[in-house]
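Chain lettering (A, B, C and D) follows the sequence in which the chains are written, and residue indices restart at 1 in each chain.
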């Protein structure tokens, strides 16, 4: 199956490398040269000159960009994806994007006989490298079956979630839960410190009790208590993700006060802590507001 | 060590039974007759006629009531605990109570040479029965060491959290996290259902990803998706607990918008769903507001 | 100036009647017969058979519908507005709608040489009847100048707010402030009642102090304390309006936790109190949650 | 009526000056010398050496401090108020304080035959100077009648709100409404600016419509649009006030999500903007978070 891969970011480059390593014919494209240069040095692929050039002749075109507006931005014009995508081909968007935008894209592609799947991933850089990503897929099941061999080069758990947009929504909600678990544990631990309780002791109890989460069991002991705050996943991205979750709730008329509040708190944290901050560093804003450290 | 146990509720009765089974001399008291009658039929203990009578001669007096005001209500008067507690004895309050109230109680007891520990438990009825409770203790470490043999009859993991009130605070924060994890997963899943995603599929992905929690891994699959909603722990109690967490944050000048919002949402849910509702049934209010079911 | 008016609801019918009374040639259309029948009995106008028919030959076409999706729903097809609007004419949308949707509509009209203004009104049924409405206008100033004679038949204060969408945004924000002022006064007064303070006494003080608002000065004394709750403006509509305000904030990346929370609270109130409830009846939900009445 | 006045802050000094100007025998006390020196230069009064000394022989003792803990801090010890207050005298606390603390103080005074009124004021420095303050009184009506002549030297509208604590609660709620009106108008105007609407135009419309408040009609035009932000009332104090309002709601079991969120937002603003910031400067934090100015 001839494949094109657009978006060679930290995760995207590793996903594309696995496609190449599996021996599938591959064309790659990235906005800007550095990352594409780097990819070409380490992998066997054709380097495309534009999204249209990448898409031409491909059975499966994969996009892995920062957000849905970025995907929209490479659709049109003589160099755009729409100019290159062949009838009968499939666009698989691995971006953590917006369901409504993907539905609009899917409708435009359908007019040209091109299929669309939204297929955001989880599992991080390590998962991409090892090919153990979880992939959440929205779109027709039959289309997923057709492109599955490509997805299996980098994904282990491939879940069909529903129609177009369903993959994005599941991804956004997972991220929203993660964000809120981090924030709430931060509020709780800062208060405990103010009351004179050592955070390691509190976490020891909570992690043996009903209030535990992935955040309290892994992120806080490894990243917050140690003050290491490694930069593995950007706060800017989780801000975008929980913002999508909140917007989807509002579009559906679902009162979701926690999601809405969480989205605003992460937007504030993103603004205060900057583009490079890790998602767990949101805790630092809680600490600043409280005038104390979780330590 | 002569022990008194006041409060033979669902968990308290099982804790007291383990004290009796360990062969410690035991006096018990409960407001109202039924539960005390029942306890006396199954266990070896002296039945006290009042809190004062229970406390008289005891080395360790354990209270396990609904809330801190209930503890305060049995302190004074000729039949009250203060009239019976011997100098040198220790009051261990296993109630899930308020740290500020416990500090006031501890100060009053100190005037009479009586020690105080707050020692709320987690692990539920099953843990009480098997003696595997987690006990979160606030107060002097030396006092805890002295009463530890009694606590070990029903507790497995006994954690010294800090000064008086620390046990209550850790308990309240665990419950607050639990409550918010339930509520937020509810908001997320209701929205996913509106978007056409099957909740079991969404949970399957989330529980393999970073957004997972004890709530998403255990409570939702077993209780919500099945619509079983077993009544194991009352919504009224978790409302009280997260209310304590929110009040402690406010008393410490910690901005904690998530805890505050969570506390109000559970207060609303408690009012709407009634005294008998289980804590996980809070999800039903989210479903009602959204006009859809997580199914 | 030949005018068409679509949407003969409570306010729309009175606005259209003023256009007719001013002697302007008028065509009217309403979905469903009853209101149009009623209008024709009392006013001089041509009754159009469809939106297209109403628009044909008109210089100014005014829509006054429930929401932006309703406006979109009458644009297309052989009977739709787009089929009837003449090049050089202007569509003036008095609906309390969404700025983003209006921008899309304006772009579609521009392709046909038709101008667009969003022009929501405030002042209620009484203001429409007397021709004293405030009109908030978004779009080109020159276009507003051209249609001003028509708007002056029902509006007194006509304010040019900015580009297309600006009128909708100003309207939505006014409504959001109104909604939040009502809700917050409700929370405050319910709490005061619980503390034993008579609400009339509290309002007397607040309305002489810095915490006063149109809500506390007019709505609460006349509608809440009297328990009259007249139905003058539907809760369903203010829910829509504050929802637009919250969505616009989110679209602009503005953290607006109060607007977001307010939007969810009014969505909940709308669901709980139904389609016919007045906007001030939202207070009844606060009373229910608190278990007390502001009386 | 012999009067003592404790607390010669910006408002307190002006209130005390009016008591002196009315010819009532007056003793004054302030923590620290500067303000008392200043007061003695301009007014006729006895300068007391301690709270006890001030209270001795007085019929009415007025406190006007920063908060309830400050009042508690001058009660005990040989120099404390309790050591000086005569049986039959009345303590009038004009502090914007906490109802629960005042109830505790009142109970302690009652044991000694001393009456207590909470009597916070509104109207600012200007109102204190002119004697036109509004006074919100909690306590026995008969006691208020007795001290009314003293209160009338600085107050114009004297309102009996209910039992002890009622004055504090009404004051706290007025301030909470003020705070939330400021914040919400800030969110709305920042969003309008992002949408390209001039804030003066938006305010012009809102102030002619249903969303208007004292904040939108006076504070925003005079202080925000001008960027003057005069420092007339400290953000630190309104943070304290809305914190009291939120805590009273929680103590009464009233779900009040807006009050709780507002209290946290003002606590954050206070922390970020410092002790000297004016209450209206809270808007600057909204502007920072949104990355835009209301101008």
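A few notes on this one:
Note that contacts are C-beta pairs under 8 Å (C-beta built on N, C-alpha and C of every residue); 3 or more make two chains touch, one makes a residue touch a chain.
Remember, predicted model here, so these are calculated numbers, not experimental data.
Looking at which of B-D and A-B shares more C-beta pairs in contact, the answer is the pair A-B.
Chain centres were defined as the mean of their Cα atoms; on that basis the chain farthest from chain C turns out to be B.
The distance from the centre of chain A to the centre of chain B, each centre being the mean of the chain's C-alpha atoms, comes to 39 Å. Annotation for chain B: residues touching 2 or more other chains are 253, 255-257, 261, 265, 267-268, 271, 289, 291. Put simply, chain A touches chain B in their complex at residues 99, 122-123, 134, 136, 157, 159-163, 165-166, 169-170, 173-178, 180-181, 183-185, 187-192, 194-198, 201-202, 204-206, 208-216, 245, 248-249, 252-259, 261-262, 265, 286, 289-291.
Partner chain C is touched in their complex by these residues of chain A: 243, 246-247, 250, 253, 255-257, 260-261, 263-265, 267-268, 271.
Those residues of chain D that touch chain A in the shared complex are 257, 261, 267-268, 271-272, 288-289, 291.
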